[in-house]
């Protein structure tokens, strides 16, 4: 992965890209399982988290159009959605393995986004 | 479309949903055309705008998981990405019809997100 | 929208693009509502239909990379997923408005894909 | 990841899920780089491959709505789009590292989809 000449440090983004990918997968699976357990709020938040994580990851994979303001806003959204999803999933984590895994993946994504944001600033 | 019992006013969201949908289409087409014209930054920003607009629209179509903080962060990201994309496309608008259309759709999306944000607050 | 010089007739694709967009929205909303009603299979099929419809629509908005074999395979997938989703939603249509709307949007998408496929061949 | 009670063997799907995820990332990066090199057809095919790979992956992460016909159609689409993208990227592979990586990831995804399809049948 080439270091961008555009202001985006793709090496420092790498852990964040992987954390978003993992959270997108965990949240997609959690949403799928939730629907059978009448956990409507959890399923809905997980579906949106999967989309937000995928979109944030894709922006990090596109150095050509890097825009500092757009990227930091998207990372802030990823943090907010990831935190809301983790908080919801943590309520079901003791009885539901997919929620425990999803909460963990969301927290890791939130941490990785915060690290990437602080190393960019 | 039922008015949410969850805190999200889907009626006031409707213009924003439509504006995001239109911007997602215009930006997808603009990115496709840009690549043949060596407009790398424009293509990249348009590709991310299409993803962000689609994700924002989907969150508005999911009232069950409405979270005020997550939604307002995502709308702020949509505004930031849409503004960066519009500013880029406006530079090519006089010679490129797809950029003119995309810039217009992005500005309309930014305005609709701002209206939705202010009516929610 | 310019008629493609690439073999894709974007004018004849237009109704299909709109039908995919409408089905993507209806299926996203149906999936969100299903989860609160323990309709796990319906929610899951709707979530996949929303993704497949969005991806098919985006391919139709990208004439530069038009490949006849790739496009007809994706349209066949859109037909198969749309039919599975419509069949599921029709079972709940009498008691659930979102399922009735989603089934209708899926059937319209299936018809539009078939028309576009036959006019392309 | 629980083995589905729904007819989808998620253990045998696992390599396919990972191959789709890798191809989605490689194709997103390749599309981004292509646009600056006037490789319009390559950029467009890569953008669609990223979407198709992501959608196929998500369907495999949703066992609750498993439908054999829908899944095998989507996998066939993933094979067709992945092959078209690989063929295009291979033409530029000797001079463009991102195309070489993307072609490889697409071929691996095509192989993984074929394996999953044959083990499902």
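Residue numbering begins at 1 within each chain, and the chains themselves are lettered A, B, C and D in the order written.
Going forward, contacts are C-beta pairs under 8 Å (C-beta built on N, C-alpha and C of every residue); 3 or more make two chains touch, one makes a residue touch a chain.
Bear in mind that the values here come from a model prediction, so they are computed numbers and not experimental data.
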To bring the C-alpha trace of chain A onto its twin chain D, one rotates it, in degrees rounded to the nearest 5, by 180
Of the pairs A-B and A-C, which shows more C-beta pairs in contact?
A-B
Intercentroid distance (Cα basis), chain B paired with chain A, Å:
20
Whole-Å gap between the CA centroids of chain A and chain C
27
Provide the list of chain D residues touching at least two other chains, using ranges where the numbers run on.
32, 35-36, 40, 43-44, 47, 54, 58, 62-65
Going by the touch rule set out above, what shape does the chain contact graph take here: line, ring, star, complete or other?
complete
The residues of chain C that touch chain B in their complex are 1-2, 17, 21, 25, 28-29, 32-33, 35-36, 50, 54, 57-58, 61-65
Chain D residues within the chain B interface of the complex
31-32, 34-40, 43-44, 47
Provide the residue numbers of chain D that touch chain C in the complex, in ascending order.
40-48, 51-52, 54-55, 58-59, 62-67, 69-70, 73-74, 76-77, 79-81, 83-84, 88
